[in-house]
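In order of appearance the chains are A, B, C, D and E, and numbering begins at 1 in each one.
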Amino acid sequence: MLKCSLDKIQNLFAEISKSAKLYLPVDGKDGGASYGEWSEGVEWSGALNTTKSPKDFFFPQTEDLMAFKTAGKSIEIIDTRSESEDFVVFGVRACDAKSFDILDRVFLSEPQDSFYAMKRKHGIIVTAACTKPSETCFCQTFGIDPASPAGDISTWKTADALYLQANTEKGTALLEKLGAILEECSDDAVNAQKEKTAAIMQKLPLKDLNTDDFGGGKTQELFNNPAWDELSQSCLGCGTCTFVCPTCQCYDIKDFNTGNGVIRYRCWDSCMYSEFTRMAHGNNRLTQKERFRQRFMHKLVYYPENNDGLFSCVGCGRCLAKCPISMNIVKVMKKIGGNKGE
Amino acid sequence: MENNQYLREEIIRMSGVNPTKCMKCGKCSGTCPAYDEMEYHPHQFVSMVDNGEIEPLLNSTSIYKCLSCFACIERCPRGVEPAKVVEAVRLIAIRRQGANRMTANDIPAMVDEDTPQQLLVSAFRKYTK
Amino acid sequence: MQVNEYKPLIVAFCCNWCSYAGADLAGNNRLAYPADVKIIRVPCSCRVNPMFILRAFQRGADGVIICGCHPGDCHYTSGNYYTRRRMAALFSMLDFLGIERERTRVEWVSAAEGAKFAATMNDFAQKVAALGENKRLEDLRCKK
Amino acid sequence: MQKITREQLIEKASELLANGTVSCVLGWGAGEFGYDVTPTVFKTAEEMKTGFVFSDFCGANFSKYLVAKTQKTEGKILVFLKPCDTYSFNQLLTEHRFDREKVYAVGIPCEGMADISKIKAICGEGISSITAEGDTFIVTTLYDDEPIAIEASAVLAERCVNCKSKKHVAYDELMGEDGDVLDSGRFDEVARLEAMTPDERFAFWQNELSRCIRCNACRDACPACTCEKCVFDNPKSGVENKSPANSFEEKLFHIIRAFHVAGRCTDCGECSRVCPQNIPLHLLNRKFIKDINEFYGDYQAGAEVGSRAPLVNYTTADLEPGEVFNREG
Amino acid sequence: MQRVGVFVCWCGSNIAGTVDVQAVSEALKNEPGVVFSTNYQYMCSQAGQDMIKNAVKEHRLTGIVVCSCSPRMHEATFRKTAAAAGINPYMVEIANIREQCSWVHKDMLTGTEKAIILGKAAVAKVNLNTPLIPGESPVTKRALVIGGGIAGIQTALDIADAGFPVDIVEKQPTIGGKMAQLDKTFPTLDCAACILTPKMVDVAQNENIRIFSYSEVTEVKGFVGNFDVTIKKKARFVNEDICTGCGACVEKCPMKKVPNEFNLGMDNRHAIYIPFAQAVPKVATIDPNACNMLKNGKCGLCARVCAAGAIDYKQKDQFIEEKYGAIVVATGFNPISMEKFDEYAYSQSKDVITSLEFERLTNAAGPSAGKLIRPSDGKHPHTIVFVQCVGSRCESCAEKGKEYCSKICCMYTAKHAMLTRDKYPDTEVYVFYIDVRTPGKNFDEFYRRAVEEYGVKYVKGMVGKIVPEGDKLKVQASDLIANRQLHIDADLVVLAAAIEPDKSARPLATMLTASMDTNDFFTEAHPKLRPVESPTAGVFLSGACQGPKDIPETVSQAGAAAAKVIGLLAKDKLMGNPCVAQSDELMCNGCSTCANVCPYGAISYEDKEFRMPDRTTKIRRVAAVNPAVCQGCGACTVACPSGAMDLKGFANSQIMAEVDAICK
């Protein structure tokens, strides 16, 4: 275990940013935190988490795929890909760190998504353990320990120091570069913090939420549950839950006509949108109930069915906090699963 | 001429009256109770100011004969407000004079049972800078 | 490219009955105005959707001007009155977002006002040129 | 602190359900944490007793739900309307968006609703309970044993701080006393921005709108946005997009959205309430309202049913678009 | 994808002088959809047109772009060419490279560049054009005239003479209007009754004309050629078909003290009454506010004396629905109220009267049997003062007067003054005027005669105030020419009150979706070129409802309106402009925003059943544009937030394509 005294943390950031662009949560004027690039004087936010998840670094909301240039009646195809530079995403929470496992299974399985793969190759994830999980947190439902986050490097922040531990080769390589700022230390302080966090975890209102009623093979049982009507009736059909979700991975590919050619790009899509997966014959899910059901069935049934029981939710609680009408996966799990969580 | 132009603008500014709105119907003079006292009549004030013939007005006693009863303002179908023009011309005249033609000290001597108080107030306003 | 060579691209929406005819009259009288003014004919100024204006800026226009019949002269009796309200509100909003107010204009040009049309376009082009390129409402994708 | 209680509302609803006036109730459903309420349809008094909630967090404007719910429901729907909701209610009626006969509207007084993000800004995350005591909220967290007391007035939602009216403009029945239209400072922030230089304004909005993730929550929550299909969802419209691909797209969406509701927006503030990125979208709408009031005389959308919105109206003496800027000092 | 042909015109050297036409046609060849591009000296010539026709055949063109002069010049020409070549005329777009390019730019390079861009914009648009076919609608061959004054009478007679059926709706119990109340008419001084009543009889006897008297229009639906109108026939409690107009009931009626509106309240009538001797239809009407039988069921005298048995106390308002192809508005005018003119003491003295009251006082059928008397004491007046422009040209106080000139007062005042002096040479007659306006045939001569031959004293100036004192009226006025104030002791004062549109006009305009000005006069479609048409197709204007008018003018406008109506009714079908708005029902949410801005009332709403995605059906209110009424301005397309409303020929996508092409 290595540590860096908190008064030297800006030096640590400076050192990291020498070899790679460093992104970390920063406080916005509006009170929310979001990832920003570090430069001198930029402070690491003390917020529990960012509004938008760090999936944006690997699977950006909008991403150009290729371009076509037209001249007269000829069309030229332009490959707009280029080698990405190394970058570090710092301060990722355990739940979001877990989300990359979920995204990887989608984008890195064959055929691999080269855009995503490129960024995964060059991105180093430095996680930060939670000490004050919120009432909306339910990562433990999915077996995640917020006090022991994964990532290339895990960190723990205490009152006076930041403790670091590399988990992967990439992580080790980065820590080696940081040299003198870090010093070897015991893991006593970290263990103490873990215990404290574990105690808080026992107080969380959603601590007993479990996935017993969900998982692969439950389609028949859950699909026609009458509760979907009731649950979906208040859904506005906006994409907030999808866009703040660290595991939602649907996108649409669109062409933008620039006047001189076309830029083909992809952008996040939401299964809550009426135009989602619109095909020549029209849409396959015609009502908000069907769209609503799809989102949760996917996270809780279809995805685990195809991915060895792994749920496509990490319990980060963003959708609980951000849904305009407070309808969310927890309410769905409790109602559909008959799981009252108590 | 230039001076007249200046005075015209000044009177228009002070009175807030647009003399070009006048359609020369003469209703102001038709309703004026002080008509026979005046050398220049309300409609002439409007038309003469519009034409820049202001000196004759300034030199006439008509500006002091206007009772400021506002009948002309009330009756004018075009909203021209001749009394305000008269008032503005009078103000110009007063400003040109060296001293006030009436001071507060003069008033006690004028007070008697027959003179309405309002007349004194009005006179004081008219004859004072 | 030298600065003084910069020529603004201006889109002019002209109503068919007055302003388009006014532009034709400017042509008949050979009254010159910059070639960077491109006219789009619409039946009435009230046909101009704010989306068209933003679209023009997106695609690289530096100024957008809407010309219609004088208030009270609309071929459709009241179309330009709606234009007047809509554009007053829209332009004020663009200004609120910090977009230069000189880039947008509404001008009433009758079919008899060829000279006014040319003068308006000259004046507008000059004012827009003074602002330089439209940076605040451009879409860089369209510059590629 | 609300003057009317959950129990009073349940009692009223039970009475109306029992005597057959209404067949169901559109109300606030309890959530997990006390502050997260979900619009819910209750069919029986029993359902209400377990699931209905009325608290200082019931800010959501339900008017828009009536568009879909009145189509699907047999009989009348009971809806509780706070004063500001009644404006949206009227505006929807003006636009023929639902059948008035299918709604039984009960006006309820509102003392202003709390903004949970303001509470969290003071207490931090991990709220385990919020109890209202008089004009104070007592907040306990998962970490500290010491409860925190907050003045309710300090955590009022923005739209309630600048409440425009405590008067109900539509109802079948009123509970409690009706209030008055208020003289609010709701345009102060707009005026502050107007006083900035264009460069400052541009920077301000560039920063605000750059956070937009185009989740459409502002639109989908908006009671004025009830188009069958929004132009931004319609591939045929030429402006359809699913992402804020760049700063132009961000501006396009928000300018056009504000323009489309200009003169129809009642200033209910839902857009800003629901924005996950806390973009002050209501300022765009208020700019239009402020302009309309100044250019064409005061107009409050929804104040009455059937009024003609200013942008679909005119007088021959309206000011010219060019005069808009000259009139500013 | 279209197959577009591009035809670049040289226009001799008009275009080719500043635009490299060859370069333009070459450049446009590469545009999407373009399969053929050429240039020629005069595209509009027969040879040029043939070139287009041949190219259409040879290259199977579906769209045509002509780069030439303004579309205002030759769009119609090339549309005809396209039609002759067998493609839809609306598949033609013109790029204006003459008026808006070659003529305003001097430099060949600039001109050519711009011409190419304008050409590209036209190509971009034509690629999105769709064939448009003008709509057709049938015409109901019947006209409705609202208002039975001289304007309505003349219009109805002229339309009926052309062989079309006409209905007149008149809210009073008789037709005749204001003219029936007049005594003599200027400038020829024929008696109004002598020239009007024969026309009224003509109306009554014309087989093509139906009169709905004592009736009002309550609802108008439909559009040009196809109006559906509901007419309320108010209960007159007398069976019109049976009543012979003998007047026995009137004689016996005990309720004798009802102010007679025909004589402007200067005498009384009975509760059952016939407004005047020559009324058409000449039937009695019971005033329900005065009749004892109707009020409290006591009396019934008239029913007993009516030999025909026409009295029917149980009669109810009747609603008649009828279809019309054209509607003529002839609602006329009224003098404004004098109540607010305190300075003229109208409310204080009976001897201050309006000009219309003066007409009744001098009319042989009037309250004084034509003898000029003072209403207060019945004495003969010696000094009479006429005041002109009372409430006319009055800008300062909108509640009191009107800003406009009422136009007819100068002439009728001259008439009154002249007639007074003629009949009573012992009188002294003053006329106070601001201007005397006499533009009209023989008008100024008439006025001069009043002065020169009859000795009427015209005074340039206005009356400032009138104070009743004893049996005199103290008139204080200015004489601007003499620069003095006049004080006249008058016996009678006559006020030339301004006239205003009838109060019924405003609600009628709303029903007709016809526009009005701020004074409530109907607006004409064009102030010079279409003076008798309303902007709303199928609605025509006759008489003073459009603006102040005298009788000769009213009658000529009435005839003009009739001609327009006849022109419309003579058609079997109406062809529309195909560039009209169209609503996409699937996207429309029925909010009515579009209908609010439509100047023509072309948008209506219907409840339509839609099949929903979840297999249920839903009834939604959606907009429907009537293509026969829509003129294609496009105001609705911008008002519609969802873009459900689009304009054919100028669609959102087409205009955006033009923008894109210009800005790239």
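By our rule, contacts are C-beta pairs under 8 Å (C-beta built on N, C-alpha and C of every residue); 3 or more make two chains touch, one makes a residue touch a chain.
Note that the structure is predicted; figures quoted are calculated from it, not measured.
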Indicate the lowest number of steps between chain B and chain C, counting one step per move to a touching chain.
2
Determine which of the two chain pairs, C-E or A-E, is joined by the larger number of C-beta pairs in contact.
C-E
Centroid-based (C-alpha) most distant chain relative to chain E
A
In terms of CA centroids, furthest away from chain D sits chain B
Chain centre separation (chain A, chain E; CA means) in Å:
68
Distance from the mean Cα position of chain D to that of chain C, given in whole angstrom
37
So how far apart, in whole Å, are chain A and chain D when each is placed at the average of its C-alpha atoms?
30
Would you mind pulling out the distance in Å between where the CA atoms of chain D average out and where those of chain E do?
45
Using the touch definition from the top, which residues of chain C touch two or more other chains?
50-51, 55, 59-60, 78, 82, 86, 141-142
Multi-partner residues in chain D (2 or more other chains touched) are 229, 231, 238, 245-246, 311-313, 316
For chain E, write out the residues touching at least two other chains, lowest number first.
597, 639, 652, 656, 660, 663-664
Okay, what are all the chain pairs that touch?
A-C, A-D, A-E, B-E, C-D, C-E, D-E
State the interface residues of chain C toward chain D in the complex, per the touch definition above.
50-51, 54-55, 58, 71-72, 78, 81-82, 84-101, 104-106, 136-141
Taking the complex as given, what residues does chain D use to touch chain C?
190, 193-194, 198-206, 231, 238-239, 245-246, 248-249, 251-252, 255-256, 258-259, 262, 284, 287-288, 291-292, 295-296, 310-316, 318-325
Sort out for me which residues of chain B touch chain E in the complex.
21, 23-32, 35-36, 41, 43-44, 71, 75-80
Touching residues of chain A toward chain C in the complex: what are they?
67, 256, 258-261, 263
Given the complex, residues on chain E that touch chain C span 70-73, 96, 98-101, 103-106, 110-111, 113-114, 117-118, 121, 515, 523, 535, 579, 597, 599, 631-635, 637-639, 647, 650, 652, 655-656, 658-660, 662-664
